[in-house]
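Common to both upcoming complexes is chain A, partnered first by chain B, then by chain C.
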Partner chain A sequence: MKKIKFRKLKLTKKVFSFPYILFMLLFVVIPLVLILVNAFLDADNNLTLENFKDFFASDANIIVLGNSLLVGVITTMLCLILGYPVSYILSKMPSGKIIVLLYIIPMGVNFLIRTLATKAIFLAIGVELGMGTVVFGMVYNYLPFMILPLHTSLSSIDHSYIEAAQDLGADKATTFVKTILPLSVSGICSGITMVFIPTISTYAISQLLSNGKVFLFGDSIQLSFEQGLYGVGSIMSIVMLIFVLVSNLIMNTFNKDANLVRRSVW
Partner chain B sequence: MKEKALVDNIIELRNVTKTYNGKDAVKNASFTIKRGEFVTILGPSGCGKTTTLRMIAGFEIPTSGKIVFNGKDITDTPPHLRPVNTVFQKYALFPHLNVFNNIAFGLKLKVIPNGTKTNRKGETIQLFRKYTKAEIKEKVDNALKMVDLEDYGSRNVASLSGGQQQRVAIARALVNEPEVLLLDEPLGALDLKMRKDMQLELMDMHKRLGITFIYVTHDQEEALTMSDKVIVMRLGEIQQIATPEKIYDEPANAFVADFIGESTILSGTMIEDCKVEFCNQIVECVDKGFKKNEPIDVIIRPEDVKIKKADDKKIIFTAKVQSSVFKGDHYQITLLANENEIIAHDTETYEIGEEVGIYVKPFDLHIMHKTRIINEIDSVITGENTVEICGVDFECVTDFKEGTPVKVLIDFDDIDILDDPEEGALQAKILSSIWKGNYYQTILSVEGTSYHFFADTEDEWLKGDLVSINIAKDKIITEKRDLNEEVQESIVKDETLTAEEQAAVEESMKEEIEKFDAKEEIVEEAEEKLNEEIGKENDAINEEVEG
Partner chain C sequence: MVNKVKSFFEKFYLLIILAILYAPIVLIVIYSFSNSANFNFDQGFTFDGYRAIFDSDKSEGLWDAISNTLIIAAIASLFATLMGSFASIGIFNLKKRTRRIVENVNQFPIINSEIVMAVSLMVFFVTFAFPEGYLRLVIAHIAFCTPYVVLSVLPKLEKMDPSIYEAALDLGASPFKATCKVVIPYIAPSIGSGFVMAFIMSMDDFIITQINKGAATGINTLSTYIYSDARVQGLEPFWYPVFSIIFVIVLAAVLVLNLVRTKKDIKANARGKRL
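On to the complex of A and B.
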């Protein structure tokens, strides 16, 4: 009998990662390279640095960027202030997991439809569209992204830490400040990352909920590409990418201590 | 206080019961702990020992009963106001703090008296302050020195080994200078060698500091080595309170004997004072005060069994060697005497099948009452020849009419245990299986009730297994039950107390009850008065209205 070698067809663990790698190459790596290339090309496909000059010379662009960051920070803070107490209470309830699910279910509805519905409600009750409504829409859309990681980290805190704190003389408030809060830093960090990054890059919400009055960075990127300004649009995308990376980096350094927390349990 | 109590008790539990979802985790526990004592609560997992400790720490509130600390009732005091500190099972060191800050945690929160001041009205006010940084540093450094971790202050707790974490946990509790230190199986996660070292260190610390230690463990050796007093618990009930020596030499019942070290437990009958029958032999013993022909358990420690020649004059009976296993410093020999297995320890080995003689000193035969000689359940006849047992109707042979309250009696032999939990009439869980020489005494808890069945079986059943029970209809004995019969509750006596101290404890309990009664009387009187007044007022109002 002939020996047939099946080596090439062998299903190793590696094989299962191929579809994902292909996907990443097609839809993440290649677009990123295209953006990088576009940033250094002018309208006639010549190599140039003009795009950078155009972007940074315009005050309007910088103001829009500043506005975006401001909206991002406000939205994130509001999400944290609203989300933390909710997650804390839910983590103490036995049925908390189900209620958290209820917070996530509305995410099944397309966010454009939800935003349009919000707009319709605002118009119906006569609220003037502007910065306030934009922030409201943002908080409404991204709150679940804050609650989910917070709930996960809060409910994974070993109850014995809380008992230990009480045993050592801490009343309820002190126990919270000295143990629960520091032990949930990892949740706070991932919550902030998951809210802040999408909010600074979002575009449709601000347009719809302010009738185009509030113009954010995501909107200006979209506009540039719509107007065929691929060069400037690419620069903006790169700037955005840098902000995303920087905020990720900051959160990761904060998270370092929190990661130690998890390891030490074992 | 008009006079100082005879017993200087720091902690007293009075009839404490804790119920979870209808099941008693701790049943009617009463004990006292003297100042400076090293007390161990010992028992298998699920016996309620940790729950008892958590009630003392304040993490659980008793369903009923009282916890008294230094003469003050602290039953409802939250944990942060109790002068006790706990060393947790898994240490529970704060992962976000380093070793120094972990130990300083309690000190930073503490307020200490700081002189008095007279205010404008002339009242003296007690002033408080927090510890200064220098004081905290000094105390923490001392605590670290005490547990031999001087240079570890700035280390992250996650980088420490199990033994080191253990020391930090002890230092963190002790630095607050608690009056009582509670330890919840603190050595459970350590390896054997480390555990032995830590045992000695803990005993040393207890001696040096002179504070009260309450230690929870399932390791009988640990309990016997370290403590002044051992409280043995099982299924939420206290079995025995005594010194380690007494627990080992004179266990209160078969369970304690089986749990505290290896031993042979045999069923027997007490013929008369100082005469006991087991293995079909009448043997001399030293125990008195049993009823004539009372069924009892005989407990023999393996080191007390002396193996002699089969024709020796002194022997109490002969036996056949069944197996001999080398155990390092002795041989463990299993002997078969009249179909009863007896375990012996000897420095010499014997041939398997060899006929030998056994001698046990009368003093070493430990005789104890059987916890139960028959399964007895209060029930009602539910129909013609059917009786309810644990919520299920069983067929039986009876003359009583429907609705008659009866006592159902079932012999240990008559309970059939079936492997399939669906097959039998009652679902039950195996709680324990104790070898009694030639059979296993198995205890089962019926699902959904708090009743425990005792059954004698040939096979050993695995603890925690789900099984089912069947009872043949002609084996169910029914007896008419008097509804007014009073249930007498037995309280486990603390054997470490002298007669005088015991009397003092009982006296104080009585006083407590009287005080409570007196208070109730006052309340009742006041209520009566109030009712009278209300009545008068009502009358007055009525008169006015009528007028």
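On to the complex of A and C.
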């Protein structure tokens, strides 16, 4: 009799998760459902498809989206080109695991503070604020996000693979292209997502670094809601969500521990 | 010879990237002693900037913002840690399919873009007429902090040997007592690092706070106060010393956290050898 009672109690341990499940339902799931619902409502809460038309027919919105994707792609490419050698060189050094921390530490400082510091320097040396400074600021902000996963995957490569390639007669370039590069694809993929998604959805960085000249998707989401255009804003959020989900899907296919990488920042 | 040249270029490259990453930080710290905003030492070396932290017209707002940041971070991370730790024990005991769904929803605030999370919460708060101010902010912060606690505690539970818990039951402990006396002490370090992570995340947040603070309430955290002040007229000399102090605190915190981690690794290694 007693044993059965115990077992019942043991099963009910899952009750501990109910408050959090309820909390998530309320403050994570329902808000997202509300965004979905708002996409189909007009200002007077009537069902409508006008929002879609408003969003996709407006050149301004499409230009902003295109600009964001452009800035996102350029930033991600630059981060990859600049960050890969760093991670690669560090992965060959015995003390690389400690030195890589130096590249990660700036991430601990709030991005707003770093952005304002960069802007102050641009102004002081007389660089004209615009697209160039925005991209610089983005690369500066998100480079550590690229270096960290790249370093994790590069330094976990079993060195005997590289030796095997060399023993089989591959020169250095071939070894790199045929062995090291394919083995670091998981790092490249999580690095790309960790840079691309925040870049296209940043709010405030682009405005600060271009004096309002460059307007990105995150800014226009915020602006739509501030102006009370919940319908169009919701559509923009949904577009953003699709980017997030697709990139996460890609990341998961390549790297099962993607979120662990992100967490290990701290 | 070729190797030496190559090694030199490699080190040179590493240094250049490092220099770029740290240049803004170092320059801000240096010129925090100049009390000027255009990077010159026309006024000579001075501590006026640092004095201004306490007696300028921005000081009151700054201290308000700092205390708001700390209060919100403390409340949010406490709630997040409490709820997240218990939730982890619960999630661990859920059926496989339910567990996967819950874990996926738990991931969502982390993978989601901050701006979408921010506006979705804003729409929610407006739709259900939540009072503007601290309540909204604390709820929003708990919502994006708790997943980090769960992600910190859950793997530790998975590593735990179930026979330890069963041994406690066999020795006559009630399941509740066994949970309190065996499971919770075992996961305590992860709960601790979950709390630290939640606290840092909450302090570091800008976007979600900015969008949910409500314009009329006048509540500012450090990041939103900096934004509201520097957005229009750029970075005034006042902020250089403040940023410098933040840099020093962050650097020290990261170093301490990593030293603790390394120390733990060394201890773990030593223990492994003794066995």
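In the analysis below, the second predicted complex is superposed on the first by the 219 of 266 C-alpha atoms of A that agree within 3 Å, B and C clash if a C-alpha of one lies under 4 Å from a C-alpha of the other, contacts with A are read in each partner's own complex, and residues count from 1 in each chain.
Quick note on the criterion: a contact is a pair of C-beta atoms (placed from the backbone, for glycine too) under 8 Å apart; a residue touches a chain by one contact, two chains touch by 3 or more.
Note that the coordinates shown come from a computational prediction; the quantities given were computed from them, not determined experimentally.
In the superposed pair of complexes, A:L249 makes contact with neither chain B nor chain C. Of the two partners, chain B and chain C, it is C that touches more residues of chain A.
In the overlay built on the shared chain, the residue A:P182 is in contact with chain B alone; chain C does not reach it. By the touch criterion stated above, A:A170 is placed in contact with chain B alone, chain C being left untouched. Once the two complexes are laid over each other on the shared chain, residue contacts for A:A117 go to chain C alone; chain B is not touched.
By the touch criterion stated above, A:V15 is placed in contact with chain C alone, chain B being left untouched. Look at A:Y161: by the touch rule set out above, it reaches chain B but stays clear of chain C.
Comparing the two interfaces of chain A, the one with chain B and the one with chain C have residues 263 in common.
Residues 158, 160-161, 163-171, 174, 178-179, 182-183, 185, 257-258, 260-261, 263-265 of chain A are the ones that touch chain B when the two sit in their complex. In the complex of the two chains, the chain B residues touching chain A come out as 57-59, 78-80, 84-86, 88-90, 92-96, 105-106, 109-110, 156-158, 172-173, 176.
Of all the residues in chain A, the ones that touch chain C in their complex are 6, 9-11, 13-21, 23-24, 27-32, 34-35, 38, 82, 85-86, 89-90, 99, 101-103, 105-106, 108-114, 116-121, 123-124, 140, 143-144, 197-198, 201-204, 207-208, 218, 221-222, 225, 230, 233-234, 237, 240-241, 243-244, 248, 259, 262-263, 266. Residues 10, 13-14, 17-18, 20-25, 27-28, 37-39, 83-84, 86-94, 102, 105-124, 127, 139-140, 142-143, 146, 148, 150-152, 169, 174-176, 179, 193, 196-197, 200, 204, 206-207, 210-211, 222-223, 226-227, 230-231, 234-235, 239, 243, 246-247, 250-251, 253-254, 257-258 of chain C touch chain A in their complex.
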